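By written order: A, B and C. Residues from 1 in each chain.
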Amino acid sequence: MRVSNTAIGLGLIIFAIAVLVYTQTFPALEKGYPGPSLFPNVLAVLFIIAGITLVVQGVRSGERILKFDSSGITGSGLINIVLALGAIIFYIYLSEFLGFQITSFVLLFGLMKWLRVSTPWSLVMACGVTLAIYVLFAKILLVPLPWGLWGW
Amino acid sequence: MMLEHFYTAISLIAQPYVFFVIATAAVYGLFVGAIPGLTATMATALLVPITFFMDPVPALAAIVTMTAMAIFAGDIPAALVRIPGTPSSAALVADSYALTQQGKAGFVLGVNVTVAAIGGLIGAIILILLAPMLAEVAMKFTCFEYFWLACIGLSCAVLVTRGSLIKGLVSLLIGLFMTTVGVDITLGFPRFTFGITNFLNGFNFIPAMIGMFGVSEVMRNVSSGDLSFNGISANTQKMFAGIGKVLRRYKLNVGRAGVVGTFVGIVPGAGADIAAWIAYAVSKRFSKEPEKFGIGHIEGVVDAGTAHNAGLGGAWVPALVFGIPGDSITAIVIGVLFMKGLRPGPMIFQQTPEILYALYVAFILANILLIPFGFLAIKAGTQMLRVPRNILMPAILMFCIVGSFAINNTTFDVGIMLCTGILAFFMEANDIPVAPAVLGLVLGRLLEDSFMVSMIKSNWDLTVFFQRPVSAILGAVSIILWSSPFIAALRARWKRK
Amino acid sequence: MVLKEIVVQRKNLITLAAATAMLVGFGLGSASAVDYPKRPITMICPWGAGGGTDAVSRILATLLKTQLRVPVNVVNRTGGSGAIGHTAMATAKPDGYTVGLATVEITMMHWMGLTKVTYRDMTAVCMVNSDPAGINVRSDAAWKTYKDLERSVRETPGNFTASGTGQGGIWHLAMAGWLRAIGMPPTAVKWIPSKGAAPALQDLMAGGIDMSTCSLPEAATLIEAGRIRPLALMADKRDPLFPDVSTLKDIGVNWSCGAWRGVVVPNGTPPQIVDILEKAIKKIVDSEDFKKFMKNRGYGIRWMDSKSFAKAMAEADETNGQIMKTAGIIK
């Protein structure tokens, strides 16, 4: 997931310009002094300075601008990452409907199975971790975990 | 007189019921601290309904013990899985995790628990001896002084950065920029929220921290194809060897960090987290081997680990003397005191000295108990390293999700965790350090709010930052800190000529 | 009791265990057949742990648990000057298992443009507490009485600073309304935004501001320590805990303003549930435990039932909007 310094620098500059344009819509304090926009604008200017420095460094070192280097991440590793992030998204959207226990069990079992844990172990660990979290958070610490189909 | 109060206090504490409460609170604190997303603040709030049915002495002893345990316990997941259990452990996470990967998990955590106990004791002693006097100084802090305090804190960014300084700056700016999301102080204007209510709160710090450390670490771990083997050797034999040697070698660091931590803790609004960062930076600044920091050097861990527990005692100073909380934990404590009919303020020293001294005894006892309880927690915790990574990683991910959810009970924060996790993964892959961004997140609001309020007060007269004596001194310190790298560079150039 | 149990069993064909749990609801004296509550209730507190709203919601939750016999969990949903918590209260499932402790800000923040949620989006259950604003100065200040302060403000308008909450917060509004009542422009005292009453009081002690319009309970420790002098109370009646502090009405200024807190549920919650909650909380408010707690913290108890609380919210919404407009807090 490595990109060139030049690309990072350019990205920062574009982001900073977008911030500078957007903060124009912020209201000012009385007598025209800057209010909510001051701090973001100062940061944006600093982003631009840092961005230009990175671009200059990148060009001087003669690196390719469109460099993309997976830095040792293999195809299956990439799928693992996508699945881990997918699990978080799954929780965000479905935990409210399914409830905590089902969501947690499904996610844990699925991920462990995918990472080549044997089926019985996946079952045991998924159940164990789900129960441990449930008892600790919902019962002892009174966190209202999502309440869905099943009750919790 | 003082001794007499101490005797009464000891007799109040030395009761089976109080001991039972303290032991329970200790275990509770260790759990809460070790689980990312559950903070000492939240645990204290949960204790309140229980303390409602207790006498003041066990109630206060429970809170004191619980917080001391929780702040230390935050270091356990920081060392084992690179996720700080509480924000206060963020400063030392890089070093302690690197040491774990060298197979020294027991050693680094053993050092952690010992210095945490010593730091806590230093904080307690300063609290006992100097509380009223120090509170007066802390009460002189207004927005001008807070501005300089934030500047001094930010100057630590240079010290916690490894590698390219410009990339460290980028990281710091990212952290600072995240704090601009949400309601602005000057006009109450919703910035960068794009009409989404949840964004009014900005990037909630704890989910962001769990994302930056926890999720990015899970991503890194699963990204390497084969996970079935276990990469770290969990050497449990002689796992605590070498702690005494470290303590002897860095005894000055411990003393210094204890004092720094307590003083930062005393200032209302700056808690154990900022104390740890400043102590870490001070440690690196005065270290003989600053180049080793960040890649597994015990020295920074000693300082930050001492300071965060020392800061706890400090926070009680303004709370007891003026009823103004030094941090969010003591804010709740003030409520508990009121509930018990005790009014914090100068009068508490005359009206109910026995309770006050019982509190002091509880502080000392809690920090002594930290050692046996802490070692047991470490023994239990390090067993985790024996778990194969393909089981451990999904479980950690689940704990991260629930931890982010628990802080505000909203899946929106889980989304924050996801985004900051991806961001941090990308940053680290491109040699942009994460630590400055976390520092920026901690200090961004303090910096902006104190600056803007100062400007409103003074009608945009920048000289106000030097008009008050304390402010002028802090200003001079920050200017020296910020200009020292440039002066050093100039001097080096001049010497070469 | 036994009869009711049998009726319930026949009606709903549920197990004996569940029926016993339900008895609690009937024990409150509600004749309705609604099956509530049978699982933990969440109480949303729109402000952070350690503050006054947090304290009140935690005592309410603790006592409500003994009344309804199910756990009542306090959840702090903070941020956006209260907007996030109040939005969560309004948008929760209207099944009675999410209640909220709404604060006066519900009538203010939609004027600030922070949220579209207003008091109309939630159903009032009851008001439990209200604390009037005060006018607090440092004890070494030259002003000995309220009249001294008013004279100074009239002589040199724009020379003094005040704080207590953020921009557009309740204590800002209290100050703006007071200035309007004495016929001064809203700029006569400059408002310095702060994160809340505690930092503002610290700033007052440090000499950063000249006065704070926060409530007296918030300043109680510093008043007792002799560091801060309350000059007036923005209420119709004196506070029994601070009997020496005169009200603005005593002095002849027609202005009162305070922060209140009350329990609400999302719109669409069955009226029987609102009724059960109202009755349970009424019992709590009348209990010795609650009275003792509120007295120790210095908070004022103010009971209003569902109807009067709803009316009070509507009135407050209108007045607060007007003041914010005349004070220039909102355009």
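We adopt the following convention: a residue touches a chain if its C-beta (ideal position, glycine included) is under 8 Å from a C-beta of that chain, and two chains touch if they have at least 3 such contacts.
Small disclaimer: the values here were computed from a predicted structure and weren't measured.
The chain with its CA mean position farthest from that of chain A is C. If you compare A-C with A-B, the chain pair joined by more contacting C-beta pairs is A-B. Spacing of chain B relative to chain C, judged by their CA centroids, is 32 angstrom. Separation between the centroids of chain A and chain C, computed from CA atoms only, is 37 Å. Between the Cα centres of chain A and chain B there is a gap of 23 Å. In chain A, the positions touching at least two other chains are 142-144.
Counting partners per residue, chain C has 42, 75 as the residues that reach two or more other chains. The set of chain B residues that touch two or more partner chains comprises 42, 186-187, 189, 409, 456. Residue ranges on chain C touching chain A, taken from their complex, read 39-40, 42, 71, 73, 75, 97.
The touching residues of chain A, when paired with chain B in their complex, are 1-3, 8, 12, 19, 22, 26-27, 29, 33, 35-36, 38-40, 43, 46-47, 50, 53-54, 57, 71-74, 76-78, 80-81, 83-85, 87-89, 91-93, 95-96, 100, 104, 107-108, 111-112, 115-117, 121, 125, 129-130, 133, 136-137, 140-146. Those residues of chain B that touch chain C in the shared complex are 41-42, 44-45, 48-49, 52, 139-144, 182-183, 185-190, 197-198, 200-202, 204, 268-269, 318, 322-325, 328-332, 334-335, 338-341, 343-347, 408-410, 449, 453, 456-457. Within the complex formed with chain A, the residues of chain B that make contact are 31-32, 35, 38, 42-43, 46, 166-167, 169-170, 173, 176-177, 180, 184, 186-187, 189, 191-192, 215, 218-219, 222-225, 227-228, 388, 390-391, 393-395, 397-399, 401-402, 405-406, 409, 411, 414-415, 417-418, 421-422, 425-426, 429-430, 432, 448, 451-452, 455-456, 460.
Note for the complex: chain C touches chain B at residues 42, 48-51, 54-55, 58-59, 61-62, 74-81, 83-84, 87-88, 112-115, 117, 161, 166-169, 190, 192-195, 198-199, 201-203, 205-209, 220-222, 224-225, 227, 293, 296-298.
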